[in-house]
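You will see subunit A twice below: alongside subunit B first, and alongside subunit C after that.
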Partner chain A sequence: MLEEFAEEHIEPLAIGAWILGTGGGGDPYISTLNLRRLYAEGARVDLMDPMALDDDDMVAVVSKMGAPLVGQERLGDPVHLARAVEVMEDYIGKRFRAIMSVEIGGSNALSSFLAAAVLDRPVVNADAMGRAYPEAQMTSFAIGNLPMFPLSLVDVRDNEVIVTRAASWKWMERISRKVCTEVGSTAATCKAPRTGREVKEWGIHDTVTKAVELGKAVLDARRRHADPVDAILDHEGGKQLFRGKVIDVARETTGGFLRGRTIIEGIDGDRGSRLELAFQNEWAVAFRDGEPVAMTPDLLCLLDTISGSAIGTESVRYGQRVTVVALPAPALLTTPAGIAAVGPRAFGYDIDFRSVFP
Partner chain B sequence: MLEEFAEEHIEPLAIGAWILGTGGGGDPYISTLNLRRLYAEGARVDLMDPMALDDDDMVAVVSKMGAPLVGQERLGDPVHLARAVEVMEDYIGKRFRAIMSVEIGGSNALSSFLAAAVLDRPVVNADAMGRAYPEAQMTSFAIGNLPMFPLSLVDVRDNEVIVTRAASWKWMERISRKVCTEVGSTAATCKAPRTGREVKEWGIHDTVTKAVELGKAVLDARRRHADPVDAILDHEGGKQLFRGKVIDVARETTGGFLRGRTIIEGIDGDRGSRLELAFQNEWAVAFRDGEPVAMTPDLLCLLDTISGSAIGTESVRYGQRVTVVALPAPALLTTPAGIAAVGPRAFGYDIDFRSVFP
Partner chain C sequence: MYRVGIDVGGTNTDAVILQDKTVLAGVKASTTEDVTTGVIEALENVIAASGIDRKAIDAVMIGTTHFTNAVIERRHMDEVAAIRLGLPSGAGLPPMVDWPDDIREIVGNHGYQVKGGYEFDGRILSPLDEDEIVRIAGEIRAKGLKAAAVTCVFSGINDAMELRTRELLYRHCPGVPVVMSKDIGRHGLLARESAAIMNASLLSLADRTVAAFQKALVQAGLTCPFYITQNDGTLMAADVVRAFPVLTFASGPTNSMRGAAFLTGLKDAVVVDVGGTTTDVGSLSHGFPRQASTTVDIGGVKTNFRMPDVFSIGLGGGSLVVNGEKGISIGPKSVGYRVRREALCFGGSTLTATDIAVAAGKADVGDKALVDSLAPALVEAAVARINAMLEACVERSRISSTPVPVIAVGGGSILMPDRIGELEVLRPENFAVANAVGAAIAQISGETDRVFSLIDGKTREAALAEAEAEARDKAIAAGAIPETLEVIEREDTPLAYLPGNATRIHVKVVGEMGAYHG
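So, the complex of A and B:
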């Protein structure tokens, strides 16, 4: 039920998580340095099968929060993530059996490991998104209508806040987002504690392993001088949407989010067309020549055409040669409740969800 | 050590507190309706001498927070103030012996009574300002360098937040202000719990009685058809600064505060001059023909010339006949530490404090 998370899994986890981040959640690079440092100091983290949790175990759900452009990872992250967990333990008066990340996409995939390495707990092989999303209510736990409070939030300056009750998921998001913005748009949070039963029922399972395997597929393709983009598509059952060159990027950090759009001019089979990717932290909707062709909850990924590395909404820039792919979403997200929580309308687009995976 | 706070003290408390509010803190009128209703339902509140507290008693410090223009009192206030106290008791795991208001100025003078009536506790005859001030760090407890956390904040929608740690009083103010603004610029808060020893050492004592006596002096003058403004000056040892007519008001609600200025054109002995009153929730500095003539921490009060009623920064309007008076500040506020915390520079005016009471 516990297996050691070997040091050689850190790199593939980061590569896979960054692809599953769909442009958001931040590049996990600094987090890998942090985790390697903790491993060098002797820390080891065990990975725990969610189905091995007892019903009344308590699980901490951790997350760094903030706009990707601002919320660049810091070397002090492990301590603050661990502190957010400790603040929550003090508040609820119970010890967490294990720690999980709220999202497997982007650097938060490693947040659970950083907190776990400091606190010597296992990481649950699960998350609550199966990818990355910008808002608190965009989780499997919210879709399952589980309580959204309490939430602890810790910043780098020694400020600590607990939202002990919220009128709704949206209010939890509004309040915690405002605190996060005020303390500099980056904070470590411990979300509403979950029971083992809740994680078993509503968690998105085995996503740590999924990210590691995806990362391994990319590394393996590079080693074999094969096409990493093809390897990603094969491994995930994805579809290539567009290939071209980035010709325009517009973005602004507003209300604690990074919002904007990227325009790609087609090459090869896509010559003569343009793809626009609209984003709020993550890529949300792809418009081909003005028509929506792919959208959340399908995973839209912007990949470097040569290396297959993910490109983030905060780092995409003019001139990059890119391939846009769609990967299938976790099944829960494509249910009616899932689409209501994370479909295009949740991002302000008046479009009916249509999957590219019929 | 306990004496019942009689129902006939409610009106003079409101009148006195509104004068001591120096334009801010909100008109206590709705709070008096709330307290009368609770009394009609059988509640009675006892007033407790702060010196009767045991050193290790715990005292809740309550406050409604918000911009006066928005934070109009609501009929539901007692429940939310009591809830803020209960959230804090749950968090610290201790029962409060008594409740006090953070500020005796404006409607918060009654906040302690509203919470106390719901929770059946005594009110401490003390506050932490001896008047009203807009920011969390502008208290005698901050001047005494006491811890500023935890703080609980409750809104009308069922959101509850605890700031469990803050890097400084300013950070506590910034974070709690942002949450307050997000939930609609009005919230009930329970500030950092104080021990009996801290209240005895750093509270501003007997200010409930002071406000009641001031209100009684005004009511008595009105009954005798004497001049209520003179009665206020006599009772408090105050000075008349200016008499005239309001000719201009500029205000905006920004960052959770009401800021602006009022211009008064002189009559009688002040004919030919103008007085400008600058405010941030409360009147901060008076400029006579451009020269600063009175300033915080001296209490600047704008009074209706006929009735002696206080006029608030949120309700002052063109054409009112007004008298501006200064009342002496609590001694602690005119010490160097007091002036640093609440003097003109704390409000952004590059002026050395000069009292009108040499």
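So, the complex of A and C:
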């Protein structure tokens, strides 16, 4: 139930994860460099089927927390992710059998691998979002009402914090976000430890493989000169929402998040229309000429029209030629409990969730 | 009006004279070691061929791939101190971590990580370790490094530590130029740092090259203004190039694609520009070079300049052909501008790609008798290798499986077959000097990059509009035709650490050149 994660899967994992990041989670490039360095030094990571976990195994859930814009300047270091795991092991007095990422979207898809490579543990083929989301309560574990504490947070200056208890997932988010912002809006965290049983029941399974396969489909389309955007839509059963040119990007970094909106002017079949993508780290809601047409938890992805590469909320800029697509969300996120946690109202939009997928 | 466009490539120096939209004359000369002699020769020849009075020339636009070639060939690059201010953050990924090994060695791999840097909101990440800067200054002197590049975490938000480091270096190693990353790149530490390091390593080449251009124009008796073309197809003054040679990195491909579009009237095509040292392949889409939306590699180094999406390989008319143990290899080493002396068909002793084209009967330059002794099997294998290299990069640049024409331009395009795969190859009139045509039709830009304060009810939209109006005014004053102006960059970065809701706005507009105003 362990399989070595081959070095040649790093690139497709990064491409697929960046698409599934729906604009957030940060460009995996820096994490890719870090993982390649660790592999070059001889480290190897095994990928573990979540169903192979024993019920009482302990699993570390790691994540780099903060604004992606910050991660492009303050480059992450694997030792801090590993340190967050060790701090948690010291606190709970138990050893983790394996490590998983809180989100498969963006650079955190590689965070589990970075910690695992340093600590020589396997990575569980699962995450807790099936995409990327900005806040702690927006996870499958929160939807499953699992305990949200303790949490360890490590920064680059030798600050280490443990949040021992929180009244709710939302409180855990508020407290840990405050600490994260204080240390510069980037920190390594180890979320509430999970048992094997919890991961089996509430984890979103096989998402590492899903990201790798999606990345391979993009690479394959590029090699064949097929349209990589079409390849993504085919592979994921997605829908194209809009094609055009970016004409405005407004962003501000507040409270540890990158918030703002991107406005795209239509071309081809969308000429004469405008699409506004509102974001909070990730693309949250798409408004076509003022009307909401797609929204979280459906995955909204902004892609470079030609290469099919994802464009993040921190790297979108004026003049880019882009295509906006929607991909189906993991089933759990579209249940009533899922929509309460990650639907448009969770991001402050007073609209009912309507999926673009009937 | 009369405009002269000059393209100084690794092998050839081309010149054209345009009267408005008409190419009056185009000539090729060899690039010379001193640069000046080749430019003078091209200028004199093109003035003679056009029959116009040199006093009537309104402007000279020079495009050059000199700096790009230096990086691709790993030549003329100085060893530099690459100083990053950011510890304890980012320690695991030192400067130049994602560079190819050979180029890292050429610039000396003198990476330093020093305590310093800012947070996203302008607070200090760590105080600058000034003692360490002074110690590094000592090493710069001891090692005889020619320049330094300083990159501070979040220098786009606060540039004080880069400025302070430059001041310390000026004091402790006088005479060593210091490049600050905030002047070159945008957000994104690694790409900005890499651009700053490459820029620093090219400064002495930039000094020599610009001086050579100036000397050539003076000797040719031209007193009109002269400009150098930059990445986005717009013009910049000579002093700017002296300080920021990296801004010319993609000017070659931009010029050749704009020139190819101008010469053929085609809007959608793949453009293959074969020079003496490199081949650049890019796509024309709706008449403009398709821009890369993410990072662009220069000689294997990632940068985040706004550039056309061009793929370059080390294949050109001067490329060395080596029949080694692993079969035939062509390039990336090139005899460059010495091809007319060193290639076999010109009586030299080096086997180049041009000799292969001549031996295969594809080109008629030099003396074919001098390459008659080449083994037919060798020639055939080399032609096959060249075709495979060209096909691979055309395939890589195609943006869809719909067949589009391939426009072959550049002096080395004698290497091009008549078809590439299923695609037809076109050679427009004046194809050999498309780059110089592209330089001659280069656009004028106007730019605003400053901090605006959003107080007293001033909105972000109003500040952006004000910035755009400023940029337009600058472009018009520099000679752009107002109706042709188009915004190509528009970016605002809120500066949370400054009072008064400050935001840094960068707007760049470009337009066609009209008449000069003063």
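FYI, the second predicted complex is superposed on the first by the 354 of 358 C-alpha atoms of A that agree within 3 Å, B and C clash if a C-alpha of one lies under 4 Å from a C-alpha of the other, contacts with A are read in each partner's own complex, and residues count from 1 in each chain.
Note that a contact is a pair of C-beta atoms (placed from the backbone, for glycine too) under 8 Å apart; a residue touches a chain by one contact, two chains touch by 3 or more.
Quick caveat: nothing in here was measured; it's all calculated off a predicted structure.
Engineer: Which partner, subunit B or subunit C, is in contact with more residues of subunit A?
Structural biologist: After superposition, C is the partner touching more of subunit A.
Engineer: Would you check which partner chain A:I311 touches, where first means subunit B only, second means subunit C only, and both and neither mean what they say?
Structural biologist: It touches subunit C, and subunit B stays clear.
Engineer: A:Q320 in the overlay: touching subunit B, subunit C, both, or neither? Say first, second, both or neither.
Structural biologist: Second partner only.
Engineer: Considering only the touch criterion stated at the top, classify A:I162 as touching first (subunit B), second (subunit C), both, or neither.
Structural biologist: A:I162 contacts subunit B only, not subunit C.
Engineer: With the two structures laid over each other on chain A, which partner does A:W171 touch: subunit B (first), subunit C (second), both, or neither?
Structural biologist: The answer is first: A:W171 touches subunit B but not subunit C.
Engineer: After superposition on the shared chain, which partner residues are touched by A:P78: those of subunit B (first), subunit C (second), both, or neither?
Structural biologist: second
Engineer: For A:Y91 in the superposed arrangement: first (subunit B), second (subunit C), both or neither?
Structural biologist: first
Engineer: Hey, what residues of subunit A end up touching subunit B and subunit C alike?
Structural biologist: 157
Engineer: Would you pull the subunit B residues touching subunit A in the complex into a rising list?
Structural biologist: Going by the criterion above, the answer is residues 87, 91, 149, 152, 155, 157-167, 171, 174-175, 178-179, 181-183.
Engineer: Over in the complex, which subunit A residues touch subunit C? Could you list them?
Structural biologist: Against subunit C, the touching part of subunit A is residues 30, 33-34, 37, 67, 69-70, 72-79, 156-157, 184-185, 224-227, 248-254, 304, 306-307, 309, 311, 314-315, 317-322.
Engineer: Flag every residue of subunit C that touches subunit A in the complex, lowest number first.
Structural biologist: Going by the criterion above, the answer is residues 86, 88-93, 97-98, 117, 119-121, 123, 125-126, 153-154, 187-190, 290-291, 293-294, 306, 309, 395, 398-401, 460, 487-492, 494, 496.
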